[in-house]
Amino acid sequence: GGTTVNSGSSGGAGGSTATASANPDAPLKEGLKIAFLPKQLNNSYFTVTDRGGKTAVGEFKGVFSEVGPSEASASSQVSYINTLTQQGTDVIATSANDPKAICSALDEARSGGAKVVTFDSDTDPECRDIYINQATAEGIAATQVKLISEAIGADGGDIGILSATANATNQNAWIALMKKELEKPEYSKLKLVATVYGDDNAQKSQQEVQALLQQHPTLKGIISPTTVGVAAAAQYLSGSEYKGKVQLTGLGFPSQLKEFVKNGTMKSFALWDVEKLGYLTAYAGAALASGQITGAEGEKFKAGDMGEFEVGANGVVLLGDPTVFTADNVDKFNF
Amino acid sequence: MLAETTRPAAVRDTAPRLGFLRSWDTAIIIAVLLSIAVASATVTGFASPRNTGFLLIDLIPILLLALPMTLIILTGEIDLSVASVAGFVSCVFGSLWGAGLSLELIIPLCIVLGAVSGAVNGVLVSVLGLPSLAVTIGTLALYRGLAFVVLGDQAVTSFPRAITSGLQAKIGASGIPVWIIPVVILAIIFGVVLHFTGFGRSLSAIGYSEEAARFAGIRVAQTKFWLFIISGAVAALVGIWWTLRYGSARGDNATGLELSVIAAVLLGGVSIFGGKGNLPGVIAGVVLLGILRNALQLARVPEDTLSMLTGGLLILAVVAPNAIAWSRTLSRRSSTP
Amino acid sequence: MDDSYDVDLRSSPNTAATAAPVLELRDIHKSFGAVKALRGANLSLHKGQVTALVGENGAGKSTMVKTLAGLHQQDRGQVFLDGEEVSFRDPLHAREAGIAVIYQEPTMFPDLTVAENIFMGRQPVRSLRRIDRKAMRQQALELFHQLGVKIDPDRAAQGLSIADQQVVEIAKAISLSARVLIMDEPTAALSGVEVDRLFAVTRTLQERGAAVLFISHRFEEVFALADWITVMRDGAHVATSPAAGLAVDEVIRQMVGRDVASLFPKQDTVIGDVALEVRGLSRKGVFSDISFNVKAGEIVGLSGLVGAGRSEVARAIFGIDKYDSGAIQVRGKALKPLSPRDSMAAGLGFVPEDRRKQGLVMELNVSRNLTLTLRKKLSRFGLLTNQAEAQSTREWARKLQIKAGAPTSPISTLSGGNQQKVVLGKWLATGPEVLIIDEPTRGIDVGTKSEVHRLISELAGTGLAVLMISSELPEILGMSDRVLVMHEGRITAELSRSEATEETVMTAATGADPSTRETPA
Amino acid sequence: MTTLALNRQPSAAWLGTLTRSREFSVFLALAILVTATVAANPRFLSAQSTKDLLLNSSILVILAVGQAIVIVTKNVDLSVGSVLGLTAFATGKIFIALPDLPVIAMLAIGIGLGALLGAVNGALIAVAKVPSLVVTLGTLYIFRGVDFAWAQGQQINPSNLPESFLALGSGAVLGLPYLALIALAVVIAFGLYLRNYRSGREFYAIGSDVLAARLYGIGVGRKVFTAFAISGALAGLAGVIYAAKYGNLDATAGQGLELNVVAAAVVGGVAIAGGVGTVYGAAIGAVLLTTITSALPVLGVSPFWQRAMIGALILASIALDRYLALRTERRLRGHDKHAG
């Protein structure tokens, strides 16, 4: 799943080594070698981000490549980072399987002259130049709670969360913020009764949902802020007696879930524009490599037809708010 | 004490020197040299100190685990739990470190833990006589599970940068990692023990025929028991190495490494049924897989092709010796009237 | 073929022999790599007659059998079935042609039931071609009845003693009601009673018209059963003659190409102190209260029927199997139970009964096998070299006259007798004070057998204490200074050399109270 | 000794054999687990939950049947996860190309494709005479690589699959899910075949002693080839079913499944050393493993403990096997003494 690991620890002095000075007017260099290194190849989420990246790289006439391991592990990412370093890649755009484990490899890459942009899952801030954050954790948490509350209706009731792996840091951050959100008076009738972990495995996710429903017969809704989990849960609910009785929302792909918003298994779900995430990542990398920005707070760069973005604290660039999908708009998206 | 008989000796002396090297191992060693030559000539960036460093440092865990694995497979057993032991040890390492213990204390504790984990396999296999394939599939799940029990959803990453980058130190400008030296020394020790001691001799005998080995006074159960302990202890070293090298102790560390290790050992000419195989071949197997992976990655060969290549090589490793033997008998048959 | 004899058909003991042979092999050649196992072997089997095939170890008898069975394909030569040339692709093909084979080594499916072992591939079926287990069990029971043995058809073949396995093999071959029955040393693991039953069954089959090939190294059996005797030497046919009127000495001369002197050259030795002392050894359900000793320079024979528990006692002494109570001492030093290494250190050697499974590692070469017990002894500073191994191998190969290609030849390419010598050598090389030998000459030809006996005798002469288990009565009587007899897990007699006769030993072996052992109907 | 009828009472023997059988002890473990879970939460056996249990285990059951046949011949098939992944993905691709393909035809194609992949394993093992562990470890990598190369990150969504096909994944007749019925049919068919047919028994003969099997004239190579083709075909069937059940597919479907499948067979009493075990046992083993994953969360066991408990269960079951085998051996010994 593409939305699982951490969204960066808050410590650290800022994303950039900040010794070089930025020249906002420098043109984007041509022929930049930009490599996307996702958590795992053949993962549909990253297929889409990398597609966005490829579009962007084509626009500024760079050389795009996509490499990565077939199973999501930090150690194999390290070996790919090493290879990229050795190949003299200008920009490494990566989604980290472990915030720490790939750090020393990234250090070596940066000392060899590469710029490092993380997207989706950050590393420790001192290991990269910029992190493209898909959405603020607060925004995600608020959207998810709002969607489930709307789906269940005014009477409220018990809800549960189906997460990915138990040590997925960004999942845990979102869950913590959702709990906070639920304390608000408008959600007083919603009660979070359990959080379960489906390990981003379809079968395990389904079994966890089943157990959740058995243990909590009064359950009214499920939030699954992970693409694999929400798809598996929707698939199960749609074929079970709970269809339409237990509400489901989460973070998922329109292509995977349109079936289920149309057949009434779920009313709505959310996700950011995944393709744009890759697109922005590529532009941020190019801006770094061309000397437009260094990753310091307050710097600005232009990301093709997405317009201008500003680097925030800790070298974080925010993509925007998540999109909410319903039966009405779901067909308009192609990811 | 026997009366000398008058008939002449019927046994000719044709014992070759270095008899432990057989055709497949030689082929693998040649393949290593060839692949180095070809990759240096055709893959840009392959033959450089920095790449040598990358290549060798990635070999360390597999090479370490391959040493005891070779001995275990020679006795006809297998240890699928090594990567899980490494992961388990990594988590314990992390939690002890998090609790503020010193490395001098943690490292021996972790090695003991690895040895004990191996001893559990050893007891089940050699004392209770259970099949090691099944036992270690069980402990593969058990130790990985315990790793998650120890650290749960946490990852310990508070290791000082000085240690984690110190592990990557190189010998001068050669690009050769400093830490490959103790690994090579360990490999030599394993090699000498396997090929030039009575203990090593007994492993093949056990692998070919446990019963005959027992009747020859070989302590089969004890031997296997110790091999599993050694395997556990070495897996603990890998767990420690992994944690410090990546600066991160977490439940999924080293997942799936067992298959890479076994693939390398089998590629090195060790028979999965036990008995046949030697350490130089295994080391060549480990190095060959490492070089191919590194060179092809540099040459931008996609991951799916690498995966198919690994599988293909593995099959080739077992098919080729048979095919060679077969073609030999064919040619012999056609040459005799 | 130097001393071939013309086959004199007129003097055949049975007129049927004048008819064309059922099965005939002509001028068969077969090589395994460099080894020429067969070079011009002939054999013919006739309806209703038993042909015995004799020859030294490695003469090529088993290779002939395997060629007949379709397991090997001959390099040259012809096989005729009812006068028509055939060539058996595989064992199934041969079986369909009516040839049933009992191989030299029992071939069992240990996890399957005894009944299924007998009928595999030919199980009786009922509707929808489903296997009829009841009928299968019944047929198995009938076969065992015929053979006069009591084996549960529903038990797993695993754990059957070698003798019982051989019985199952025989039952299997009989059940095929084949036209040609081939038995490669079926009696090697059997004792007198079972052999008699086997012979009775064989004669029945013979009367029904089956052609039988019988291979054995025991001449009394050969002469008791065979109508014809075919002798092979070095892969070639030497002679085929009617058994009647043929002298044993003549057969031996044909086999070895020279005269063989005394079969059991037992030397007189000086008997010394007690070397091996066993006190009250018991294991529930296997043996109980076994007490005896063996003195330096003495050969003690341990006799008994198959299944009496002799091998079990030997294994317990050496430390392979556990025992419940009792004590064992070698030269006054108590042995640790279940520790063969400790036993070896104390000066005990053990030549086990199953050469291929227990005595040798079949995949290793001669040298590695011979030196497997010498790992410590040959090491210098803890290190072991091929040179040291090869040297030791050559020394012992010379002493025991082992015929093998080279120290590095795979042990599997040696004939049975030479393999047995390797096992002996591997234990003699440890310089033991007490040697337990279980079936020292099982499946070994006369020439080699007398050599082995001479060896054992000489060893005793040097002060070695020998415990010799054997199912062959002449061997026991000829070799032993003292004879122990076991019956159903107990020692029932201890006889001095002069007391031991065929009669006294057999009486003790069948039990003091004859009513405990029923006779077959 | 003249009459050889051994004294045994048929009816009692029948019961004794049943309760002593390895399948019975696995079944007992399953029953205990279900009872304990129901005691903790009665809804564990509600109509919906029972259906879920059956659905969840059907894929593993089908794979375990194939694996059992292979293990009985003293081989092992590690490539099943990759075969499942490849056929599952192929199912999606075929439906995208031919949306009107009948479901039954898709099942046939899946079985055929799986059998083909299994035949590749079988041919390598039987013709080249090389160990199956190595060959199938190799094809585990190769088939997955093909899958990845073909998919290139593409995802199959439920909207790509026909309604009738998805209904196969979740539908039921008389409360029995289609998938469970398919799995049950597979188990019974192969169970009867292996026990009651000559050619079925030959698998056991080969696993018990391959040399003896050759001497008996059993076509060992052909038989081993068949075992792998069957295992492949069943993995292919499981792949199609996987596609129907989950709807969302990428190239990673079934990754890492092979060890679970082997574990299911082993837990079900199929001995890794060959020659022993039944597909019934393997199937119960598969249900047991799946039920554990479903029951532990219901019992409130921390998710972190689940994997460790599965490991412990595998160890317990092989230890139990060993204990039962030793007991049988002792019994045979005692029996012989009476007979001798």
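Each chain carries a letter (A, B, C and D) given by its place in the written order, and its residues are counted from 1.
Going forward, a contact is a pair of C-beta atoms (placed from the backbone, for glycine too) under 8 Å apart; a residue touches a chain by one contact, two chains touch by 3 or more.
Going by UniProt, the chains are B = Autoinducer 2 import system permease protein LsrD; C = Putative ABC transporter ATP-binding protein; D = Autoinducer 2 import system permease protein LsrC.
Since we're looking at a predicted model, the values are computed, not measured.
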item	value
Maximum centroid distance from chain C, chain identifier (CA atoms)	A
Selected interface, B-D versus A-B, where C-beta contact pairs are more numerous	B-D
CA centroid of chain A to CA centroid of chain C, Å	74
Rounded Å distance between chain A and chain D, as computed from the means of their C-alpha atoms	37
Rounded Å distance between chain B and chain D, as computed from the means of their C-alpha atoms	30
Residues of chain B whose C-beta touches two or more other chains	148, 152, 256, 302-304, 307
In chain D, residues with contacts to at least two other chains	144, 148, 271, 304
Touch relationships between chains, expressed as pairs	A-B, A-D, B-C, B-D, C-D
List of chain C residues in touch with chain D within their complex	69-71, 90-95, 101, 103, 107-112, 116, 120-123, 125, 129-131, 141, 144-145, 148, 150-152, 155-156, 158-159, 285-286, 307, 488, 518-521
For the chain A and chain B complex, residues of the former touching the latter	41, 65, 67-71, 73-75, 78-80, 82-83, 85-88, 98-104, 107, 124, 165-168, 172
Touch list for chain A against partner chain D, complex	40-44, 46-47, 50, 70-71, 166, 196-197, 202-204, 206-208, 210-212, 214-215, 217, 228, 231-232, 235-236, 238-242, 253, 255-256, 258-260
Residue ranges of chain B touching chain C (in the complex, touch as defined)	1-5, 7, 9-17, 19, 192, 196-202, 204-205, 208-209, 211-219, 275-276, 332, 336
Footprint of chain D on chain B - complex, ascending	124, 128-131, 133-135, 137-146, 148-149, 152, 256, 259, 262-263, 266, 271-273, 302-308, 310-315, 317-319, 322-323
